[in-house]
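Take a look at the structure set out below.
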Amino acid sequence: MSGYPYPQLDRPQRVWTKKAEANEDVKVNEWIRPVEQSTDLNDVDVTILGVPLSKSSISTSAASENPEAMRAAWKSFQTYNLDEDVDLASLQAVDLGDVKQHVTDIHQTHENITQAMEAMRVHHPHTLPVSLGGDHSITAMLVKGWKNAHPDERIGILQLDTHFDLRDPNELGPANGTPIRFLIENGVIEGKHVHNIGLHGFFNAKDLKIYADQHGINYITMKNTRKAGIGSVIQEALETLSKQVDTIYLTVDMDVLDIVHGPAAPAATPGGMYTEELFEAVQLAGEHQRVKAMDIVCLDPRKDVGEQTVKAAVHTMLSFLTGYSKRKEA
Amino acid sequence: MSGYPYPQLDRPQRVWTKKAEANEDVKVNEWIRPVEQSTDLNDVDVTILGVPLSKSSISTSAASENPEAMRAAWKSFQTYNLDEDVDLASLQAVDLGDVKQHVTDIHQTHENITQAMEAMRVHHPHTLPVSLGGDHSITAMLVKGWKNAHPDERIGILQLDTHFDLRDPNELGPANGTPIRFLIENGVIEGKHVHNIGLHGFFNAKDLKIYADQHGINYITMKNTRKAGIGSVIQEALETLSKQVDTIYLTVDMDVLDIVHGPAAPAATPGGMYTEELFEAVQLAGEHQRVKAMDIVCLDPRKDVGEQTVKAAVHTMLSFLTGYSKRKEA
Amino acid sequence: MSGYPYPQLDRPQRVWTKKAEANEDVKVNEWIRPVEQSTDLNDVDVTILGVPLSKSSISTSAASENPEAMRAAWKSFQTYNLDEDVDLASLQAVDLGDVKQHVTDIHQTHENITQAMEAMRVHHPHTLPVSLGGDHSITAMLVKGWKNAHPDERIGILQLDTHFDLRDPNELGPANGTPIRFLIENGVIEGKHVHNIGLHGFFNAKDLKIYADQHGINYITMKNTRKAGIGSVIQEALETLSKQVDTIYLTVDMDVLDIVHGPAAPAATPGGMYTEELFEAVQLAGEHQRVKAMDIVCLDPRKDVGEQTVKAAVHTMLSFLTGYSKRKEA
Amino acid sequence: MSGYPYPQLDRPQRVWTKKAEANEDVKVNEWIRPVEQSTDLNDVDVTILGVPLSKSSISTSAASENPEAMRAAWKSFQTYNLDEDVDLASLQAVDLGDVKQHVTDIHQTHENITQAMEAMRVHHPHTLPVSLGGDHSITAMLVKGWKNAHPDERIGILQLDTHFDLRDPNELGPANGTPIRFLIENGVIEGKHVHNIGLHGFFNAKDLKIYADQHGINYITMKNTRKAGIGSVIQEALETLSKQVDTIYLTVDMDVLDIVHGPAAPAATPGGMYTEELFEAVQLAGEHQRVKAMDIVCLDPRKDVGEQTVKAAVHTMLSFLTGYSKRKEA
Amino acid sequence: MSGYPYPQLDRPQRVWTKKAEANEDVKVNEWIRPVEQSTDLNDVDVTILGVPLSKSSISTSAASENPEAMRAAWKSFQTYNLDEDVDLASLQAVDLGDVKQHVTDIHQTHENITQAMEAMRVHHPHTLPVSLGGDHSITAMLVKGWKNAHPDERIGILQLDTHFDLRDPNELGPANGTPIRFLIENGVIEGKHVHNIGLHGFFNAKDLKIYADQHGINYITMKNTRKAGIGSVIQEALETLSKQVDTIYLTVDMDVLDIVHGPAAPAATPGGMYTEELFEAVQLAGEHQRVKAMDIVCLDPRKDVGEQTVKAAVHTMLSFLTGYSKRKEA
Amino acid sequence: MSGYPYPQLDRPQRVWTKKAEANEDVKVNEWIRPVEQSTDLNDVDVTILGVPLSKSSISTSAASENPEAMRAAWKSFQTYNLDEDVDLASLQAVDLGDVKQHVTDIHQTHENITQAMEAMRVHHPHTLPVSLGGDHSITAMLVKGWKNAHPDERIGILQLDTHFDLRDPNELGPANGTPIRFLIENGVIEGKHVHNIGLHGFFNAKDLKIYADQHGINYITMKNTRKAGIGSVIQEALETLSKQVDTIYLTVDMDVLDIVHGPAAPAATPGGMYTEELFEAVQLAGEHQRVKAMDIVCLDPRKDVGEQTVKAAVHTMLSFLTGYSKRKEA
């Protein structure tokens, strides 16, 4: 596999077998193929990257189990999206596997994540990376990897989150409450290029709001998002960002969901976002030319109720790719 | 019980005892009486039929446990509906028991279901049958039984469902993904008399959409249903159908619900229907003169969370009967 | 603690330790302090009272476990409310502990509840009491205690509930289905000063509706509440009451929530209130000058799913206090 | 039903229907018949009494749900005991229903329990009463009822329990930690006629051990019981008691079980009794002529894991009746 | 794959990937390889066959999910058995996949099972088949397939089970309560060549015991098994059988386990077998020359508690193969 | 608190309040007091240390939640052990709190653990440390800390474990599969001074057994332990060790338990140790003069079933302290 320069990755533990016969009825688990020696990444549209790290979480989390949980749930979804008459099967999608994890050295794992994104951007810059966390600390490393590969690009962040994620990495290290501040303080992004949508009262300390204001971060609470309509809020953020940056990175912290709609997101809150709102948001992001990568983080499948959140996360990925497919066709 | 020609049925396993004293505070479990030798079905308004079959499911399902689960949950409901100032206790409702199940011969069980509906229509054509599944394969058998009893009637289907249920019975037999196609291909109904409301992206293969279009099936996704308002979507479907058919059969696949609102519907999806929308839909159907039977299917109570879905199903039945009660009074 | 005249109370079983260092990032568990010998209740704005009684429930309930469950969940909340830019830490809040419970004499426990409220009103009339039940029978005792302390006040009730709570205390004793009727029949309140919002069909017997109408109780079902908008319904009730009474007592029966949003409220129903609606309602109540006490009842944490309901209850308390904080600042 | 003098009882809520055809394959739910107007209790061998009271528990308990849970689980058991080649179907067994419960007056409920036992002993002294609790407070009332009916009898207690149940009823009222002391202090039994088997370290305060010693109560811990063998320990207790008393009352507190074998017994402990040991113990008791009544208490089915404990409780009842059947045949 | 004559089979849905590097630390999921085109079954010692059928169950069961559940759990086990210093990795083991299932025609599926065993015996008679059910009806089909392939062999059954499985297939069809009777009445085996170990009181109707006695079936209850010691009971059965038959087929119904040790076996009972006893039993069987096939049935993983039963089933398979490995080495 | 030199520790998050009145009926939560400024550690017999680290686990684990879970469960236990007539209340026990955790630097946390033990041994060498993990990596750090404080002591390990814990720290870092090898390779202990009891087949790679043999580690599988009797196996290990070392460190990996007896020990196995055996083992260790410290590790309370494992862990600690109490009295 000359085209496969990813020493930072492990293969997925289990691989879906493909049905022998050709079949109109393609499920997502049959559509997304594991990377093989023979895979030519130049023909690939979408690369799925598992990032099973949650040792960097402030609270104990099994978000590390999420990539495997999402892969297992692919089987419940068709590639065809009746709502939009779009068939994702027209995209080539590959599962690259998981970023290698060191058992006791989180710093090393963070390095692996950065290098995985960087390597992919250097060698196969045409694919759309979709990263499945892991906790939110991985976003800092993935965006840093992108920046390393494209040092001249200005990067904007479209963040769907209950939290600011502006806690101090000097105190905690690059933990899951810190990625946006980490990126700002390391000069990867500017505060004014962050748009955070879905924040919630009682889940952000006041000093983080002060930090956000001082650094020009754009934000809107869930309550106000719902009043304005999720669609128009997202559209406005995308339009503003597209005038200021080269690349928009979409990061979806599953705890933006209402605790009832995302029981496996450990910090989801009552009064949060509903899945129908989330799907509309990410599909709009997927349609936008400047949105070039996305991740889904902070989903601990051990807390799930009947796969509700894992299925919501897969649907989120597929809704985003529906937008991407429409973008490509447009 | 000369008026009880149902060799296809077993009595319910457990029977609610009635409180000795007369009481204003009647619960649904005291209102719906088991059929006895002395029951004169000519005085009955509503007949409840359990259809505990889920061996015909494509995926493993315990929807066979649903009739008993719903009966157990009757105790949590009053007959009086404060929202509409309607008391269901003014209707006579009888629990006929369950269609006999063969342990290893699904075909025989399907025959029993068809004959149970047929017998009821022949001998007591004045009652409103409410069937509690079981998986969706039973709808094909129940509607076929109705057609056998009323061969000259044109029958329309009002379907609340995440899926088309148009998979090929020639391949799977009359399984739970096939009932609508089974009815069309057996000449029981015409495609154009099917109105399917609540379909969802990523849960229907493209070839089923093509089949639906080829056969003139009417459908609208949940996303578009919500935009238009469930009430107006249902009203329009009822009005259209009432000009074309003699009888409208309402079938509620519980997986039309959002996965959060119907955790026990194995194929419920994120972004689906909320219970308040479902209740509005079925009450409107209940009010309509042409709606003459209904069923509730694909609820596996072993997957439930705190009886949420089972209670939603009972409420669905009661909301439909509230409409029926208003129809009778009007 | 000369200022601590509460022989009816026990200390909370477990007490949160306060972090040594001052910290901008104050969590609710660090903000609400346990009462100590040195606490001067004259400086306190809010008093939290646990009322761990559910032996008085008609159905078996572990709502007695709720005060401890809510205390444990305080840790998940910041005092800062980003939605309103209000920091609850500017209020002094004290946890008084729990009303003493007799193992086998419910009447004695009810007496203790009444006396606890009465004592607090006599000795520290300036604090806002927030009582955490327990089942709904406690509301009768708390309001009675208030009336004992302020015999000349007219008291109104703003009730968020799926039920009327008008069952007959002569039959059941002062159980959890009876508090409003108990208060009316004991001359503590008048029926016309009760505003009940969120009632649901199929969960109230017809004779209770007749009683409500006979006594001039104001009520609106959840279905109609949603049509009108929860905000305007609450505002109207508050305005009407404020012209008629001196004190408005807010009682939140958690079963007003949809069964999906409040799985631990044993009598919550499908089609009920969403948490976002509940938070809006109680914040508006908190802002109103005449609202002088509140309680949260009928939450059985043993039925909870991932702390969803307990967190909703804590959020309800905090949303109410957000309104109270705005009232004080205004 | 002239022979049915039980105003203290309610019928069971739900009644098992009997299969039409005669059948060798009789399940326990078909064997135990509900009491009807036509039942002649003079032909009955065993009377089952539900006692759904757990408001008298020191810790919150839903043991009140146990009688219904055990009735529902009868369906999983045959009447035929292959181990002993005994068919319980040769005994006539009747389910009398449940002792009436007052919602808020525990004392009244306790009176009802006492009177139910007393009435049964007066009118139908030939049946073997098997009472299904409820918490352990009911044992005091049941034994007191027996004593009222047979004031001249000396009564011994064979208790299988993790606890002494010697806490002070003067402090707690007749709660679930107090029944043995209640009976001693009310002169119903003597301490020396109590044999408590299965006590556990760390679950009994030292002062209770002192009380036990002072009153001559016989006891042996689980650890020592296992060393000696449960069979010989039980045999010895029965032999000793049979020389001293007229009637031996067997009370089984399900928390005698290991926490793994009785997950629904709230106070079960690690290192406790295994079900096979419990079944051996109660069968031996059932065989003994002087054992004339038994109860099963402190099983909260809401804490159960897959019906493990409820099934163990039903098996306990059936093992006891196997012994009783052998006694009758002998 | 010229050597792969199994049109009745589907590949496993998901396949474990093998770590790139050679490694002493081999897990069972890496040891058992999926069958590939290149697999030469002549070099294979053990063939694993999934039989995901539970539509033939009398009670609703999801035992059809067991083959996938066991495959997923392989990852938790090493091939090295420290207890015996045996490394299973010295055996070649192949996962053949699953017998094809018809959605609505149970008879067809039963045929497929019979043919799968028959084909394997004809083409690769040297491998040891280990079949993972599915419900107990599959045993009848598997043994029938063996008999078809080896019509002159006398086959004995070593059955570990709570039940006789002698219910009448004429009444139920070849359902999961009937396999032993089915085999006797179809002339595949003789009753006297059946040894059933672990039967339990209250779970077998008396008429089945009579049938067993009439047909000379050998059986011993769990209670008596434990008294005699599981090892000696098994040894005696094996010795007796080895004098009478050519092939001993071992069938393990997981409901032989105590309900606490096998929570996912729907019919497991309190007072049943412990896993340590089961492992000893099957290892002894594995060591015996005449034991030539085995199956594990009636495990519904949806009822499991933390994978306890699924892990017990995998361990059962591995303990059996430990015996087989010792046999081969001996 | 001049006598409190522990900058590495945080106070427990929540502290049990002590009942006002003196009471014979002391529960463990009232007996173990939190450390305060005024605590004189010179009067203390037992120091409890929380070590909430599980980021060092090979598999994702929430064992970090165990110290708080065990503290919460103290409330269910009396200090009086009826089995031995020993009252632990005669010992002074203090809860020191938790070793400080760094969010992203596991090495720093490991340093804190080592220093915490070292500091305690230097300043208060007379107390018996009982450490509550956390995963098994902490044992390496705790024993290293002991060695740092007592460089001349020979230390032996009495290990109750399903695993060798001899994986290579050079590969994984000091993770939870490596502590014994870490201690050997860092010269803290010698292999021949390790006695590992309870090892299980299929859960240890062969190369680890070879390593164990090469380094003279003493071990015995659970199967053989049960044959010999846990008591005699432990006694023999203690006697052997006491001739060779100065200090015996007892480490209890909860996965030594049978998966049914320790559902919250992620690697517990079917066929493992029962709690009664574990309690006997640790009590014997507690009685031995040379046993000077113990820890309990690898308990993930999020996997627990009804607190079964957490209660077993508390009982393990109390059984050990019962032995210690007997040793002191002897």
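Letters are used for the chains, namely A, B, C, D, E and F, taken in the order the chains are written, and counting of residues starts over at 1 for each.
Please note the rule applied: a residue touches a chain if its C-beta (ideal position, glycine included) is under 8 Å from a C-beta of that chain, and two chains touch if they have at least 3 such contacts.
The shown structure was predicted, so the numbers you read here are calculated from the model rather than taken from an experiment.
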What is the chain whose Cα centroid lies farthest from the Cα centroid of chain C?
-> E
Go through B-C and C-F and name the pair with more C-beta contacts between its chains.
-> B-C
Hey, how far is the Cα centre of chain C from the one of chain E, in Å?
-> 58
Whole-Å distance, C-alpha centre of chain B to that of chain D, is 44
What whole-Å value do you get for the distance between chain B and chain E if each is reduced to the mean of its CA atoms?
-> 40
Touching two or more other chains in chain E are residues 260, 305
For each chain, which other chains does it touch, given as pairs?
-> A-B, A-C, A-E, A-F, B-C, B-D, B-E, C-D, C-F, D-E, D-F, E-F
Quick one: in the complex, what on chain D touches chain F?
-> 199-207, 209, 221, 223-224, 226, 258-260, 263, 267, 269-271, 303, 305
For the complex, which residues does chain E have touching chain F?
-> 24-26, 28, 76-85, 87, 260-261, 275-276, 279, 305-306, 308, 311-312, 315, 318, 322
Please give the residue numbers of chain E that touch chain A in the complex, ascending.
-> 11-17, 34, 75
Please name which positions on chain B make contact with chain E in the complex.
-> 54-58, 60, 62, 64-65, 102-107, 137, 172-175, 302
